[in-house]
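Look at the two complexes coming up: subunit A is in both, with subunit B in one and subunit C in the other.
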Partner chain A sequence: MTEAMFPLVEALQRKFGCQVQSMHAGREDEIYLVARDPDVRAIAEYLTDECDARLVTVFAEDRRSAEGVFFNYYVFERRGDTQYLMVRVPAPEGGLEFTSLSAKLPAVNWQEREIQDWFGLKAIGHPNPRKVALHDNWPDVHPLCKDFPIDTVLPPFEGERHLYRPALGEGVFQVPVGPVHAGIIEPGHFSFAVAGEPILYLQLRMFYTHKGTEKLFEKLPIHRAVFLAESISGDSSFSHGAAFCQAIERAARIEVPLTALVMRTILLELERICNHVGDIGAIANDVGFVVANAHASRLKETLFELNERLTGNRLLRGMVCPGGVRRIWNDGQLDLLRGTIDAFAVEFRDLIALVHSSESTQDRLERTGILRPEKAKDLGIVGVAGRASGIDLDVRRDHPYAAYRTYSFRVPVYQAGDVWHRMQVRIDEVNESLGIIRTAADHSLRGEFRAPVPAIPPDRCALSAVEGWRGEIIHWIRTGPDNHLERCKIKDPSLNNWPAVVEAVQGNIIADFPVINKSFNLSYSGTDR
Partner chain B sequence: MTETLAKSGFQLLLLLLVAPLVSGVIRTLKARLQTRRGPDILQPYRDLVKLLRKGMVIPDTASWIFPAAPYVVFVTAALVGLMTPMTATDAPLSLFGGVLAVVYLLALGRFFLALSGLDTGSSFGGLGSSREMTISAIAEPAMMLAIFAVALGANSTNLSEMARSAVSQSWRFLAPSQMLAFAALFIVVIAETGRIPVDNPATHLELTMIHEAMILEYSGPYLALIEWGASIKQLVLMTLLVNTFFPFGLSSGWSVSELGAGLFFYLLKLLLLSCCIVLVETTNAKMRLFRVPELLAVAFILGALALISTFLF
Partner chain C sequence: MFKILQKSIGAGIVTTAYPGAPAQISNHFRGRPSFDFEKWKDARTGAEVCPTGAISLGGNGDVRTVTVDYGLCVFCGLCAEASPDQAVRITQDFELATAERMNLVLTVEYTLNADGTHRQLRAVNRGFRNAGEDVENVGRKAREKIHKLLGRSLSIREVDAGSCNGCEVEIVALNNPIYDIERFGIHFVASPRHADMLLVTGPVTRNMELALLKTYRAMPEPKVVVAVGACGISGGIFGENYASLGGVDKVLPVDVYIPGCPPRPQALLHGILLAVGRLPERPYHEHAG
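Right after this comes the complex of A and B.
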């Protein structure tokens, strides 16, 4: 434990009688405290209001066989500390409920409802305790409980339609969109209440692509689970894969060779640039400025081709593995990387000049889909969307991983929170990423690139965070017997940010929804898992 | 009588055949400017053939308006086409009121299209119809004013008469009334044909559509009729624009050699106008929906100024 967190932990021990618990955590940057359920609300309020900490995620674990009870985990972090504070709370007497924080911290609204659906624990005091992850008429069984075998086939149950809150009032109409959309995007249902063109409010229904990923992790041996991690969200394959491997490495207590860390950093930044360029084009496309999209797509393709030459996969899959990376680059590949990045930088500057020169595009994007900083803070928005609304968070800087400690980069933060500034954050980040890659590619990438990973003893816990291109990705694991996982919790930034879309579209006209949605570009698969 | 029939037949054939071609040319030119290869020029014909051979899905909630609207759209567009001088100064058909009939026949088609959008009860159709009506409420008077500015110069609202007077006079495009009227009509054409910055004909985003949203429920031959009708309407509006303001090459008779020369100049003018439209579409983003009336208000004011300046100069 470093000095900075010490007073905080001490205060929690004094005020709430929390106990520090050794959890066989591999590293010093996770502190586990045990607290009692009735105190949770006070602890959360104390940490967020007085200590300026942030509740990162909430998740549950079925520990009934080992410790006789369900546990909830509340992960906190605060600016300036590289550590994560994990408050571990056993379910109170009766064992099937927990205290909800959603009324105070709307950021955990969906995550608490997931716990309800997946573990059968009731969130006491939740303002909207309806099902979020499972079908509305799902029977009273809970898939992430240990007594739910993964091959269970449920008897067919009558489908009951999800009830949206009705939109009432003269001239108010309900416009349902989805779950199947035009174009190549994933399913999600949007129910707009509109008065003419302006949107009164938007209701979302996600989880159409729920695949039981967290449960699947418990069935796979660790070396194969990496591939599952890579498929959590297709456009963030490398980020999720790297986050998972970091967690495994921490649990195994192995050091990853520097060469591998630098290569991971380069690949993480390549993934960020690819997606940001694609998004900049897509935003321009949604306001009908097609030329910019044509150039952005062309640039993205050059990077996809580079990806393939570097890793054998356009989406960077199959490269990361526990202990490092699978392959090392030869000089030809490194030259290709440097050459492509230099050529890209020049073309990217032209693309941005083109976008900035189009006044009609700027007119469409400025002051469209505003997410106010105070709302963003309440909703716990992370990543690109957060930084465009004054939320100064970046895991790369706040909790350095891979080789980020060695590079200096700027984290762009804007206060305006409109579509234009979400695009501007992306533009700035691409430029920073290009700088990181240039510096990193000058390392001599030789020698050891994959440390051997021994079988990991059971009951080791590890938390891992990665700044994916969308934002903060969290993986938390507990190892089980036979080199399998006992639990793997995944939090994709999309899960935090969907409520931001709801907030940002209010008061805008319905014709602007597609571009607002695109400026967030959230993953359905990552949300639904 | 036979002569009128022959002329009508020729012009109808021209309308039906050239209209998809113009759409195809615009699409291909756009693709080239966007560094894409794009579909080839004949693609709209293939689309029409494909749609005509397909079956149809008709919503249960649809009334008689739904099947009637495609015919109304198609027939009004074709009728207007027959009243417009294309290759020769004499249009084969001349109805009461001349340009007035043109404007209101187009309005009739649009009215039925908007009704059919509402008819099925789908929320997108309703959105599209309400948007279309908002836009046309301003586009229509702007178009009237611009055309009247020209009609005043020719002392007639008959389109053939207007064309004849345009050909016989020396070209006076640089007169303020002509330029203003041209600018107004150009904006109206962009709006009426559903092009950027008003509407995006290539989008797949239902929520942003105008014209496409109204016809979302149509399929098969009905969709073919509507698409064909829409491209004829586009051709007619473009024809009005080029032949009223640039009457070069309009033949005064219907002999074969005159027709050939007329056709050549006509296609050339259409190609040039297509290039202008493509440039506007490529260099602009789509406007925010609520700003579109402002653009059309500009067209309206230009039309009004054109009308006033015919009395001044």
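Right after this comes the complex of A and C.
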């Protein structure tokens, strides 16, 4: 490891020399720094304030049996460096706690509370340390601790239900919505405080679909766990599946054949287009432009049919595997891909012309649900929602994976942060994705498409990142014995972005909530796992 | 306005003829795996690769019981890949919905060679074909009552009790111009009080159990419950754990099960119409033997 390659690490060592216990690179783009001091604040503040790094995610690991303590991991990245820097911090000897960063970095508010719930580690100094991932009425259990068996049958819940901040003041009402919503969507509870029509504030209660996913990753053998990864968030099946397989490949230290990397790139972009075109229609629909939605959903359907012909499944499931992809495409499939994409491009242009021609649609969407760039930065917003609010992040460009290094594409960024611009980001991205797919489909997709995956020794760690259609997906694994994992951390972009919804609805009328929520279109299952 | 009209006329009629005519489905689609039990030399390879335990083994001594549960299957095709002798083949069958959970389960018994491969087929229970008539009738009665009461209209309340949202993607697709479920007089409604059918996805999570029960109780009688997808039927890959209770029938009486991961829109349509007595169950077309 040459220091010149890791300017961040160099800076850290200069400043915090004695606190840095050791350092090693898992791969050249993944550096681990082991800190001695359980108080991580100084390092984190230095990285974020002075080095302009971003805290990507925080998670914990129960290492009591192997190393005597719990560890927290803080993942940082910085624009311009392809590396991820992982700061590994021990919990204090015998102590079940860690130092909270949420007061300074609101972006990790939920993630720190998740650690409290799942590991029983207290976040010291957290501004709102209430339960988040396990609901308030759960018994006192910490399911991700190694001594908690996954199949534990918990007694019926009798504890206190969640108490919302009361809505006080003359003419202020509380409007509870959910967890079962009016439409065909995932469950979550929203509590609005309204004064007349405008929303004063929104409180969220998520994790209704928590189904023990991270714990289950520790139980399933790796080849089965791929399918679990595909079920983290249904509309992002391929992105999560690919992120997981990438992590396995990194841990196994194998190279994936180029043909497979190109095919993955095509499928990742297809997933993006499917969801974006669906969302564009749904946003138009929510302000009454039903015809646009009919065309958009028809277009989405043509892509689902293509998905099926390329992978055997409309959601692209059962295609990605550790080492590459399970099947290669024949000429007929490749022709179909090119033909469908060309036809789609023409129709998509018409659709957007239609949407843009409707002044009433634009009028309803502009300046609705604004998320300001400063707020977006504080809250650590990623993906489509971030890019509409000035956050210039895209894993495909910043930490290239699959075959993205090969393709040039533009990352659209706007400052306005309203519903209209979240839609515009999607429109631009569809056009970029079409370009990527066209170029990629001209590769000669022949030869090897699946590298053999050897048995992976225990205790290999690997981080993998994918720009799903919503934004940054992170998987981190530690391998265990016998084709199993010790730990698998999943971070869906939705986890970052829920606070953005809370922020964006403030001051808007409650009738606009559906379209604002739709413009973020976050995954409840990805959040809750 | 003119542009809108022009666009719509240009697109023409796109709605599928299914179920009036057979569904046009690509031969790349992975539907039900079909098993030639006579030919299957060794179920161990299938059980080993199957991600959800849809193929499971039991028995002792020189007898092996093999259970195939389409209610757990995610249609990944790995069992067929692991059976080079073509004893397991992926078909395009998708009309798997049934009123009886046991109709989705096949059990087979083999005597074994010394090396653990199959020697001889002893007994086969083919799910659908062995389904008891009586049990069938009970379910049918409730469905016919609904059909009689409501004629051709049906209101559905959808509840995600913990799914990954994959099933919702396909349920939403039922409303697109291709599948256009409203042409059958079927509507998705916002309130359980207006609903005749509860369409439930997901393994039921501990955190959703109460909300699901409350929604069910809020519905007027008569009502039918349809469990969607591998997770809705059996818990799927999530199974039962500290946070997941498993399939919908752990919490509510289920009238119809629709396998798939997720079930494609035509499969959902078949299951929904089956649940109100407007389409029959379709027995599997098994290999001979």
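Assume the second predicted complex is superposed on the first by the 507 of 529 C-alpha atoms of A that agree within 3 Å, B and C clash if a C-alpha of one lies under 4 Å from a C-alpha of the other, contacts with A are read in each partner's own complex, and residues count from 1 in each chain.
Definition applied: a residue touches a chain if its C-beta (ideal position, glycine included) is under 8 Å from a C-beta of that chain, and two chains touch if they have at least 3 such contacts.
What you see is a predicted model, and the numbers here were worked out from it, not measured in a lab.
Engineer: Contact-wise, after the overlay, does A:His295 reach subunit B, subunit C, both or neither (first, second, both, neither)?
Structural biologist: After superposing on A, A:His295 lies in contact with both subunit B and subunit C.
Engineer: Does subunit B (first) or subunit C (second) touch A:His135, or do both, or does neither?
Structural biologist: second
Engineer: Going by the contact rule set out at the top, does A:Arg364 touch subunit B (first), subunit C (second), both, or neither?
Structural biologist: So A:Arg364 only meets subunit B here.
Engineer: When the two structures are overlaid on chain A, which partner does A:Arg309 contact: first (subunit B), second (subunit C), both, or neither?
Structural biologist: Only subunit C; A:Arg309 stays clear of subunit B.
Engineer: Of subunit B and subunit C, which one contacts the greater number of residues in subunit A?
Structural biologist: So, of the two partners, C touches more residues of subunit A.
Engineer: Using the touch definition from the top, say if A:Gly183 reaches subunit B (first), subunit C (second), both or neither.
Structural biologist: A:Gly183: touches subunit B and subunit C.
Engineer: Could you look at A:Ile437 and tell me whether it touches subunit B, subunit C, both or neither (first, second, both, neither)?
Structural biologist: neither
Engineer: Is A:Asp512 in contact with subunit B, with subunit C, with both, or with neither (first, second, both, neither)?
Structural biologist: Touch partner of A:Asp512: subunit B, not subunit C.
Engineer: Name the contact category of A:Phe173: first (subunit B only), second (subunit C only), both, or neither.
Structural biologist: Only subunit B is touched by A:Phe173; subunit C is not.
Engineer: Just to be sure I follow: which residues of subunit A are touched by subunit B in one complex and then by subunit C in the other one?
Structural biologist: Overlap of subunit B and subunit C footprints on subunit A: residues 182-183, 291, 294-295, 298.
Engineer: Quick check: in the complex, which residue numbers of subunit C touch subunit A?
Structural biologist: Per the touch definition, subunit C meets subunit A at residues 3-4, 7-8, 11, 14, 26, 28-30, 49, 51-52, 74-77, 81, 90, 158-173, 175-178, 188, 190-192, 202-203, 205-208, 211, 215, 231, 236-238, 240-244, 261-262, 264.
Engineer: Under the touch definition given earlier, write down the residues of subunit A that touch subunit B in their complex.
Structural biologist: 173-177, 182-183, 196-197, 284, 286-291, 294-295, 298, 358, 360-361, 363-364, 368, 509-514
Engineer: Across the complex, what residues on subunit B touch subunit A?
Structural biologist: 30, 33-36, 123-124, 126-127, 130-131, 196-197, 200, 202-208, 282-291
Engineer: What part of subunit A is in contact with subunit C in the complex they form?
Structural biologist: Touch residues, subunit A against subunit C: 135, 138, 141, 143, 148, 150-154, 157, 179-180, 182-187, 207-213, 215-216, 220, 223-224, 226-228, 231-235, 237, 291, 294-295, 297-298, 300-301, 304-305, 308-315, 317-318, 326, 333, 350, 353-354, 357, 523-525.
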